[in-house]
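Sending over a structure as structure tokens; questions will come in a sec.
Each chain gets a letter, A, B, C and D, in the order it is written, and its residues are counted from 1.
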Amino acid sequence: MAVKTETIGLARRDRAAMAARVAADIPEGWVVNLGIGLPTLVADHVPPDREVIFQSENGVIAMGPAPLPGEEDPWLINAGKQMVTLRPGGSFVSQADSFALIRGGRLDLAVLGAFEVAENGDLANWALASNEKAPAVGGAMDLAAGARRVWVLMEHTTKDGTPRLVRRCRYPLTAPRCVSRVYTDLAVIDVTAEGFLVREMVAGLSRESLQSRTDAPLRFA
Amino acid sequence: MAVKTETIGLARRDRAAMAARVAADIPEGWVVNLGIGLPTLVADHVPPDREVIFQSENGVIAMGPAPLPGEEDPWLINAGKQMVTLRPGGSFVSQADSFALIRGGRLDLAVLGAFEVAENGDLANWALASNEKAPAVGGAMDLAAGARRVWVLMEHTTKDGTPRLVRRCRYPLTAPRCVSRVYTDLAVIDVTAEGFLVREMVAGLSRESLQSRTDAPLRFA
Amino acid sequence: MIDKIVASAREAVEPVADGMTVLIGGFGQVGTPNHLIEALCEKGVRDLVVVSNNAGTGTHGLARLMAEGRVRKVICSYPRSRGSVVLEELYREGRIELEIVPQGTLAERLRAAGAGIPAFYTPTAAGTLLAEGKETRIFGGRACVLEHALPGDVALIEAWEADRWGNLTFRKSGRNFNPVMAMAARLTIAQVHHVVPLGTLDPERIVTPGVFVDRVVHIPYGSPRLT
Amino acid sequence: MIDKIVASAREAVEPVADGMTVLIGGFGQVGTPNHLIEALCEKGVRDLVVVSNNAGTGTHGLARLMAEGRVRKVICSYPRSRGSVVLEELYREGRIELEIVPQGTLAERLRAAGAGIPAFYTPTAAGTLLAEGKETRIFGGRACVLEHALPGDVALIEAWEADRWGNLTFRKSGRNFNPVMAMAARLTIAQVHHVVPLGTLDPERIVTPGVFVDRVVHIPYGSPRLT
């Protein structure tokens, strides 16, 4: 399944552009959890005057931008253990209350990284094998099962070209049928009852080229 | 089962004395919930320098004495809807956290009123019949099932002399096998694996007289 | 800009519709959103299921809502208080359904709804009339009853301070069922005594984060009337 | 007079015995009771079951406790952090048991223990490897997993302020697992930065009432070392 398509002329999104693309779709007022790694960058691309409430598993509600140099507070970290700030109007809750929020229907969106997303919305993002040593799940399963919407932000393929959008996940599931949209470096793709539906593609990419990098059949909006 | 025993010369405890008798047995440091009515009086008989933490179902931890005239605060009530005070060191929690405390093993004692207590510790204190109109249970079942100890404070018999300490409860149960001690106007009685064990009686009362006012067999310590 | 403040109690309760399950905060007369309930009476919705610790006293607030025939069913722990004449009369006449739930189980069923927990086991009520017909299971040698989450379509709550995000603090025993009901409903409407600028509430002192609150109306009505 | 303040971390952990289940608060290095853990290392108990979100980094705190062979089993959500070499080595060598629990389920199992709820159903992990061998049941059309309360014999927690009754406040994201672990253990020991006179903590700002705390030791060690 290695990708052989020519990539010259392809306006592949870099990490910042991928994060910015997700940020553009988050409306004011949503309560959002950003997964560790790439998804965390999304916060930097929401305009400061658009009030989006970023929540972190460790009980921080309404995180602001990264602290300025010299203003870091080691008592204020996010789920990725990075120092963050609190917006005016932010607050702190316990881990139990934080996950009550996550599971209880008040989290509008979780943006998560993934190894694979299946065309039925299955998500695999926590373990690479069922016998993995010391696997680390963190809050991934709670977020995937609890958020009102799960969007995945990931590279369209692995470094060696293996598709990450698949018919069925090969890796252990985080949660079944939870993903509603996938943002990659190449496209924005909805998960529908009929499988993957491509909403947009980067400039210079053909439908055939995108399909060749995808394990499951694509439809185009 | 009406009581025919002569009552002249009997140092029957009045309500204040009953409450004081319970208070004498509560050590410093215990966390205690007092039921509505007679049990509420127990707090007035704990010496102010003995730090006992009285908790109320509606989320008040460490209630103090009744407010002085002119110092009442209508925002600060107990489960019986009476105005109370807060001791220094007191705090407020939600109803969910309040009952977490009650069920979670941190409530040393609940002092409850009762219609009947059975010799196996069964408690009946919430409904007089299984088809009662608009019955009101409040927190009685949670306290009876959750507290580490349940002591009952009640008159030894009904006004017409019917015993309240019984072989089996006739009224609907609040919780099975939960009562460990009963304080009445006549005696202090432990509930043991072998049934009721009388710890002390008021002056002027004979064993036979106490037994005649009790439905279940008594043993005497 | 997120701004959950609305101009009036009437506007605040506008989304409440016939047949909804309405959670009503308060314990006794403390922390009870009486102005929101009165607005609900004026709005004229019908066939409500009301979840509340008490079932109203006198002729105002919840008692008025019931007296006007707007409540199909009450789920509560303690319907029989001094002055709870409306409920008792409706119940006697078979004109209202009543579900009695132990107070701690009521609080926990609401908390479960707010926490996305569909059901849980509790020792409370095991071996009693209130467990009849319910699944019972032994844990650690102890009989426990299966209880289900109790979500609301709407919660009407009362709080002390709020900002435009809906962050809330409560006053003393006015906290009671209010924070847990705020979490348990799809739509939470708060009647508050004080509205303060965003960022002025101490983040460590906020009890209900605004993420659980949808509408806030400023009604500085004074202290609860306890009688 | 209730006085839960003890003189040293060593005295604070004196009740911890071989084979106990020990809940350890903190998320990353924030709110982690490292001085209590070090005291436990010096005490020399064995065969512990440790419940903690992470499984230690570097060579101090929980990592030291494990490296010294005092931990039989770790129950956690995220054992693999930067610098979690001790756990990984012990696990690879089969010298430590590991139970991976989703973070929200871990928090809820602890909360259930603190609330006297023996078991509950959650949608988290349904249909995944972590639900294998567990009872699954449908609620509202959704598969949910039966999870059990996770009580501790002892909880080691960190807090910001305390009084002699053990009332606690926390600092920013130092709150995390600490309040829920305080409720989940039979005996709770808190390492705190500030000890203040009884009655000086705002009753509305106390997060963990002293009723959940048994021992308090004053260790003003400064800010967490994040690296």
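One rule holds for everything that comes next: a residue touches a chain if its C-beta (ideal position, glycine included) is under 8 Å from a C-beta of that chain, and two chains touch if they have at least 3 such contacts.
The shown structure was predicted, so the numbers you read here are calculated from the model rather than taken from an experiment.
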Fill in the blank from the handout: Those chains that touch chain D and also touch chain B are C
Handout entry: Pair of chains joined by more contacts [C-beta pairs], A-C or A-D
Key = A-D
Completion exercise
Between the Cα centroids of chain B and chain C the separation in whole angstrom comes to 29
Fill in the blank from the handout: dist(centroid_CA(chain A), centroid_CA(chain C)) in Å evaluates to 36
Fill in the blank from the handout: Between chain A and chain B, the Cα-mean centres are separated in Å by 56
Completion exercise
Flagged in chain A as touching 2+ other chains are 86, 92-93, 96, 99, 102-103, 146
Handout entry: Overlap residues in chain D, where contacts from two or more other chains coincide
Key = 108, 111, 115-117, 122-123, 170-172, 203-204, 207
Exercise for the section: Select the category (line, ring, star, complete, other) that matches the graph of chains linked by touching. Expected result: other
Fill in the blank from the handout: Chain-chain contacts, ordered by label, are A-C, A-D, B-C, B-D, C-D
Handout entry: Touching residues (chain side chain D, partner chain B) in the complex
Key = 1-2, 111, 113-117, 163, 165, 167, 183, 186, 198-199, 201, 203-204, 206, 209-212
Handout entry: List of chain D residues in touch with chain C within their complex
Key = 108, 112, 115-123, 139-140, 142, 144, 148, 169-172, 202-205, 207
Fill in the blank from the handout: chain C contacts chain B in the complex at 27-30, 53, 55, 77-81, 87-88, 91-92, 98, 100-105, 107-108, 110-111, 122-130, 170-180, 207, 223-226
Handout entry: chain B residues touching chain D - in the complex, by the definition given at the top
Key = 28-29, 31, 49, 51, 53, 55, 61-62, 86, 88-93, 96, 99-106, 146
Problem - Interfacial residue positions of chain A with respect to chain D in the complex - result: 56-60, 73-79, 81, 83, 86, 92-96, 98-99, 102-103, 127, 130, 133-142, 145-146, 172-176
